[in-house]
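In this document, chain identifiers A, B, C and D correspond to the written order of the chains, with residue numbering beginning at 1 in each.
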Amino acid sequence: MANVIFYILAVIALTSALMVVTRKNAVTSAVYLIVTMCAIAGLFVQLGAVFIAALQIIIYAGAIMVLFLFVIMLLNLRKDEFGFDTRVFQRLFAGLLGIVLLVQLIMVVSRLPVVAGQPVDTEMGRVAPLATKFFTQYLYPFEIISVLLLAAIIGAVVIAKKKMGK
Amino acid sequence: MAPLSYYLILSAMLFTIGVWGVLRNRNALIIFMSIELMLNAVNITLMAFSSFLKDFSGQVFVFLVMAIAAAEVAVGLAIIVSIFRVKESINVDDVNLMKW
Amino acid sequence: MEMIVKLIPVFPLFGFLIIGLTNKKMPKQVVNIIACGSVFLSFVAGTIAFFSLLGMPSNSRFITGFWFDWIIAGSFSSSVSFMFDPLAAVMVLVVSGVSFIIHVYSIGYMAHDGGYWRYFSFLNLFVFSMLLLVLADNVLLLFVGWEGVGLCSYLLIGFWFHKKSASDAGKKAFIVNRIGDFGFLLGIMLLFWTLGSTNIKEISHLAPEMLVAGGGLVTAITLLFLVGAVGKSAQIPLYVWLPDAMEGPTPVSALIHAATMVTAGVYMIARLSALYVLAPTSMAIVAIVGGFTALYAATIGLAQNDIKRVLAYSTISQIGYMFLACGVGAFSAGIFHLTTHAFFKALLFMGAGSVIHALSGEQDMRYMGGLKNRLPFTYKAFLIATLSISGIPLLAGFFSKDEILWKAYSSGHGHPLLWILGLITAILTAFYMFRLLYLTFHGKSNVTAEAEKHLHESPPVMLIPLYILAFLSIFGGYIGLPHALGGGAWFENFLMPVIAESAHVIETGSHHAPSLEYILMLASVVAVLLGIVVAYNFYIKNPEKPKQLAQRFAGCYRLIFNKYYIDEVYDYLIVKPLYILSLIFWKIFDVRVIDGFVNRLAKFFGSMSERFRILQTGFVRNYALVFFIGVIILVGYLCYIFR
Amino acid sequence: MMPPINWPVIYPELAICITAFIVLIVDLFLPGRHKWVLSLISIFGVLVALQIVFMNFGLKGDTKAFFGMVVSDATGLYFKTIFCIGTLLAIFVSITYQRREFPEVGEFYTLMLLSTFGMMIMASALDLITIFLGLEMMSIPLYVLAGIYRGRYRSREAALKYFLLGAFASGFLLYGIALIYGAFGTTNITRIVELIADGKPYSPFFVGVGSVLVLIGLAFKAGVVPFHMWIPDVYEGAPAPVTAFMSAGPKAAAIVAILRIFVITTPVIDLTWVFWVLAVVTMTWGNILAINQNNIKRMLAYSSIAHVGYLLVAITVGGEEGVSSAAFYLLVYTIMNIGAFAIVVLFAEREEFYENISDYAGFGSRFPFAAITMTIFMASLGGIPGTAGFVGKFMIFSGAINHGFYWLAVIGVLNSLVSIYYYLRVVVAMYMRQPQTRLVDIAISPSLMIAIIITLLLVIQIGIFPDNWLSLAKQAASLAF
C-alpha cells in the first residue's frame, strides 16, 4: 500500500519536474515546480518526517516560489519570447549527457545494499530531537545560516536598489 | 514503505532532470528553477538516508539546504532583475558581451 | 678577503639601481662615471681577490663569501653565498675586465642614443647577473644569475624596439632560451633529489660516491644541464637566436653575445665537470655537439654578407670548439679558449662596431672595402684580432685552439675524427675571417656616396679600448703556453685543483709520442695558412672570381687556357661545393628547419591560443555544459574503476 | 555532559563577522561623502582578526570547538592569515576605486568581510556540511560584489554568470555530501576517519563518487579546468578591486578545503591520478589561453587558472611536502596577484577605461615606479628567480620530483616557462612600445600606494629571504599530519 503511494508521488514529481524544464512560459514552469515540491513534501511524509514536510511546503512552496512568481509578474514576461533554439549541439549534448549521468547515478546508488521496506517511524517526525540536534551538534551551522541569510538580504538590496544621489 | 533505493533512484532522476533543465533552457528564471529542482532532489536523498539510518542529522541538513536555497533565491532573483533592467530580456544567450 | 669577494657583484647592482631609478634626471657624465666606475670597482676587487688566491697553497685556493641563507626548507637549503676559486677567479677577471672595456667603448658608441640611461642600467644589471652566475656556490643561485643574464640579453637585443626586426629577434632569443632553461631547472631538481645538495663543492665530493659512473641517473642530469648550456651558448640545435641577436647595439653584441654570456654554458659544464666525467655518454654528446656546431656554423659564415652576422656565426663556431674541449675532458682548455676568445671576439665586434659607426650604420660588407687607409687604427686592431682568431702562431688564439685540437686527438675521450672536424673548422675560420678582412678593408671602395660624406675614424674613447684588447689578443695566450713549446701550462695548473677530480678520471694522452703534438700543431698551422691563401686568391688577387663562379659555363676549352686552371679545379672540387654546402646549410637547415621550427613553435602556441579561445563562447549554458562534461568524465572514471 | 563550546577557537571568525555588522550599522548613519570611515573600520577589524589568529597559534588544550565542528589547527590558522592579508590588501586597493565609482554603496565592505568570514569557516571546518555553508557564505557576497558596479553592464553580466554557474556547482557539491552522509551516517571528517579505522564496511564506489562530486564543487570555486569557464568572464566583468579580492582568498579557501578533505585526512579512495590529470589540463589550458589575451584582467584570469594548476601539482604530490608547498604558494600567489591587480586599478582610471595590455604602451617612462613594480609582479607571477613566485614554484616542482612525479614536474616547468611569455608581454608593452596619446595623468591615491608598496616589499622579501615564511608553511603542514 505504502509503495503505491510512493509510486503515485514519484510519478507526480517526475512528470511535473519534466514540465518545469520543458515549458517555455516561466509562469507555467513555476506552477509545475510548486507541484513537484508538494509531491516531494508528500514523500517526506512517507519517510516519517512530518515536520520537514511542513517546512518544505511553507518555505519552498510558500516563500521561495512566491518570490519567483512575484519576479515573473514584475518582469512581465511574455510567452514565446525567445523563438527557436538554434544551438543544436548544446541540446543534443544536454540530452545525451543527461542520460549518461542518470545511468551513472543509478549505478552508484544501486551499489548500496538494498534495505528492505520498513514501517514508517513516527519518531522521525518529532521536532524535539531535531531541535536538540540543532542546538548541540549543529549549533555552529545554525549560527552561520543566520548570518548567511542576512548576507543574502544585504546583497539583494545592494543589487536591486536604485542609484541614490545622482 | 518503499525501500531506500527507490528514493535514491527517484532523487537521481529528479537531479538529472534539473541538470538537463539548466543545460537546455535559455530563460534565466527557468534555469534557476531547474537549479532549485536539483537541490530538492538532493533533499530527497538526504531525507531518505536520514530516515533509514534513523539519524536526525539528515533532517538538519535538509533544513540548512532550504535556508541556503532561500538565500540564493534572494540574491539570484535580484541579479536577474538587474540584468533585465539593462537588457529588457532574461535570455541568457543575450548575456554574452564577454567572451574569448 | 671574504668581504671583497662578497662585494664583487654588488657594485654593478648599485650602479643599476642608481641609474635605473634616477633615470633621466642625471647628467650623462655622471651616468658614465657610475656605470664604468662600478664595473671597474668589481674588476679591482676581483684582481685583489685573485692575488690573494695566488698567495695560497695551490690545492686549497678557495675563498667563500657568505651573504645569507636563501631558502631553507627541510632538507633543502640554498644560500646566497659566493665561492672564489681559480675557475671563478678567471671568469670574474674576464667578465669584469672585458665588461669594463666595453662600458668605456659604449660611452662613445651610444653617445647620441636617446636611451642612454636605459642602456647603461641594463648593462650594469647584466654585469651583476653575470658575476652572480660565475661566483654562485650553488646551482640554484647560479640559475638566478643565468636567468638574469638571459633577461638582460632579451632587453638589450630589443633595445631599439621601434625596429620590428629587433623586437622579433628579442622574442626569438627569449623563446629559444626558455627551452634551455627548462632543461636546466629540471636538472637542478633532479640533482637535488639524487644528491640532496645543490652546493657545487658538495656536489663534486658527493657525486663520485653516490652516483654510479655511467649510470642512467647521472647521464640524465648531465644531459638536462647540457640542454641548458646548449640554449645559452647557442649550439646545435638551439643556436638560431644568436645571429638574430645582432639586432642589438654592437657593444652589446660584443659583451653579451660574444665575450661573456654565451660562454656561460661552457662555464657551467666546467663547473659541474665532476658530474660530467661520471657520464661518458654525455661527454661524447657534448663533444659531438661542439664539433659539429663548430663546423656547421663556420660553413654558414662563409656566405654571409652582413659583417656582424659573420662574426655571430664565428662566435657559435668558436663556442663549439669550447664544447668540443669540454666533451673530450679538457675542461681547462675549454676555459682557456673561452678567455682568449673573449679578448679577440670582443675586439672583432668592437672593430666592426667602429666600422659601422664610421659608415653611419652600414653593415653590409658589399658596401665596404678599401677602408684600410680611411680607418687606419681600427684596421690595425682588427687585423690583430683576425690573425688571433685564425690561429696564427704565437698569438693568443693559436695557443688555445691548438690546445683544444691536441686534446681532441689525444685525450682518452678524444677521437681522430673530432680532430679532423676541428681542423676543417680551422681552415674555414681562417678563410671567412680573411674574407671579412679583405672585403671590408682592402680592395676598392664600394662605400655609398652618402656614407662617404660622414666617414670618420672613431673617437679615442672607442679606440683605446680596442688597443687594450688588441694587446690581450696578442699576449693573452702566454698564460697557457703548453709544455711542448717550453711553457709551463700555467693556466691548466692553476685550474687543476678545481677540476682535478675530473681530470684524474680522464686518461690523458700520455701514451702518444711527443713528436705527434708537433706534427698536429704543424698541420693546423698549414691548414690556417691554406685558408688565408685561398681567401687572398679570391678577394685580393682576383676579386672577380666569386662572381665568375656563378656564370662560368662557356665551355671546357676556356678552362684549359685559363691561367687559373689550378684554381678553377680547386674551386670546383673544394671551394664551390663548400660554398654550396654553406648555402644549403644556411638557406635550408638554418632558415627553414631550425629557425622555422622555433618560429613555428611560437606560432603554434599563438594559434592554439587563438583557436581554443573561441571555446570560451560567452554563453553561460555552454559553460554549464563544459562543467557537466567534466562531471561525467570524473564520475565515469570512478564507474570504470569500480565496474 | 555537554562538551564546552570553546569560543576562543572561533574568535577570528567572530571578529570579522562583528566588524561586518558594525560596518553595516555605521553605514546607515554616514552621509555619502564620509563612507571612507567604513574602510577604516574594516581595516581595523581585519587587523584585530589577524592578531587573534596569531594569538590562536599558541592556543593550548582542546583545539576543537562546537562539538567537533570546527578546529583551530596550524593549517587552518595559516590559511586564515592568508585570508586576512588578502582581505586587508583588497580593502586598500578598493578605497579610492569605491569612492570614485560607486560611492553610495557602503555595504561593499560588509560584503567583503562576510565573504572573508565564509572563507575562514571553510579553513577550519571539520564537517562537510559546515564546509558547504562556509562556501555559500563566501560565494553569496561574491556574487553580489561581482555585480556591484551597476554603472557598468559587464559587471551585471559577470554577476549573472557567476551566480548561475555557482548555484549549479553547489548542487553537485551537495549531492556529493548527501552520498557521503548516506555511506557513513555522518559528515564529520574526523568521525569518518574513525569509522574507517574501526573497520566499518562501506562501498568505496559510493563514497568515491560522493567525494568526487565534493571535489568538483570545490574545484569550481578554485577554477580547475574544466570547471573554470566562469573565471575569465567574471574576472573581466567584476570591478578590478573585487577581482583582486576574488582571485586570492576564495581560491585559497577552496584549496584548503580540498587539502583538508583529500590530502590531510587519509583519503578514502586514491584520487592521485585524477589530480594528476586535472593538474596537467588546468595549467596547460590556462597558460595557452592566456597567451593571446589583450584585456589584462582576462589575461590574469587565465593566469590564475594556470596557477591553480601548479597548486594541483602540490596536491597530487600530497603528504607534508605537498601541503606545505601548496600553503606557501598560496601565500605568495595572494600577495603578488593582488599587487598586480593594484597596479591594474592604478592604471585603469575612471570606469576602467584603460584595461588592455596595449593601452600600457609607454607607461615605463611616464610612470616609472608603477611600471617597475608591475614588472616585478609579472616576473614573480612568471616565476623568474629572485622573486617570491620562483621560490613557490621551485618548492612545488622539486616536491613533485622528490615523490617521483617526473612527468608532472616536466610539464609544470614547461608550462611556467610558457607563462613567462605572456607576463613579459605586459613588460614589453610598458617599456618597448611607442606611447599613445594619453592626456590624463593617473591620480596616485595613498591607500592604493600602501597596497602596492606592501605587496612589492613582500614579494621581494619573500623572494630573497623566504626562510621564515617557508618554515611557517612547513609548520602548517607538519602539524596536520
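The working rule: contacts are C-beta pairs under 8 Å (C-beta built on N, C-alpha and C of every residue); 3 or more make two chains touch, one makes a residue touch a chain.
Since this is a predicted model, take the numbers as computed values, not measurements.
Undergrad: Under the touch criterion given at the top, what is the topological distance in steps from chain C to chain D?
TA: The least step count works out to 1.
Undergrad: List every chain that touches both chain B and chain C.
TA: Common neighbours, chain B/chain C: A, D.
Undergrad: When the C-alpha atoms of chain A and chain D are each averaged to a single point, how far apart are the two points in Å?
TA: Once rounded, the distance between the two centres reads 31 Å.
Undergrad: Per the centroid of Cα atoms for each chain, what is the distance between chain A and chain C, given in Å?
TA: Distance between chain centres, rounded to whole Å: 70 Å.
Undergrad: In whole angstrom, what separates the CA-based centres of chain B and chain D?
TA: Computed value for the inter-centroid distance: 26 Å.
Undergrad: Would you mind pulling out the distance in Å between where the CA atoms of chain A average out and where those of chain B do?
TA: About 6 Å separates the centre of chain A from that of chain B.
Undergrad: Residues of chain A that contact two or more other chains, please.
TA: In chain A, the residues touching two or more other chains are 87, 90, 93-94, 97, 101, 104-105, 108-109, 111-112, 137-138, 141, 145, 148, 151-152, 155-157, 159.
Undergrad: What residues in chain C touch two or more of the other chains?
TA: 613, 616, 618-622, 624-625, 628-629, 631, 635, 639, 642
Undergrad: Could you pull out the residues of chain B that touch at least 2 other chains?
TA: In chain B, 8, 15, 18-19, 22-26, 31-32, 48, 57, 60, 64, 68, 71-72, 75, 79-80, 82, 92-93, 95-99 touch at least two other chains.
Undergrad: Okay, in this complex, where on chain C does chain A touch?
TA: Where chain C meets chain A, its residues are 619, 621-622, 625, 628-629, 631-632, 635-636, 639, 642.
Undergrad: Which bits of chain D are touching chain B when the two form their complex?
TA: 129, 133, 136, 140, 143-144, 147, 150, 153-154, 156-161, 163-164, 167-168, 170-171, 174-175, 177-179, 181-182, 185-187, 232-233, 236-237
Undergrad: Which chain B residues qualify as touching chain D in the complex?
TA: 8, 15, 18-19, 22, 28, 31-32, 35, 38-39, 41-42, 45-46, 48-49, 53, 55, 57-58, 60-61, 64-65, 68, 71-72, 75-76, 79-80, 82-83, 86, 92, 95-99
Undergrad: Mind listing the chain A positions that touch chain D in their complex?
TA: Interface residues on chain A, with respect to chain D: 104, 108-109, 111-112, 136-141, 144-145, 147-148, 151-152, 154-159, 163-165.
Undergrad: What does chain A use to touch chain C in their complex?
TA: Residues 87, 90, 93-94, 97, 100-101, 104-105, 107-108, 111.
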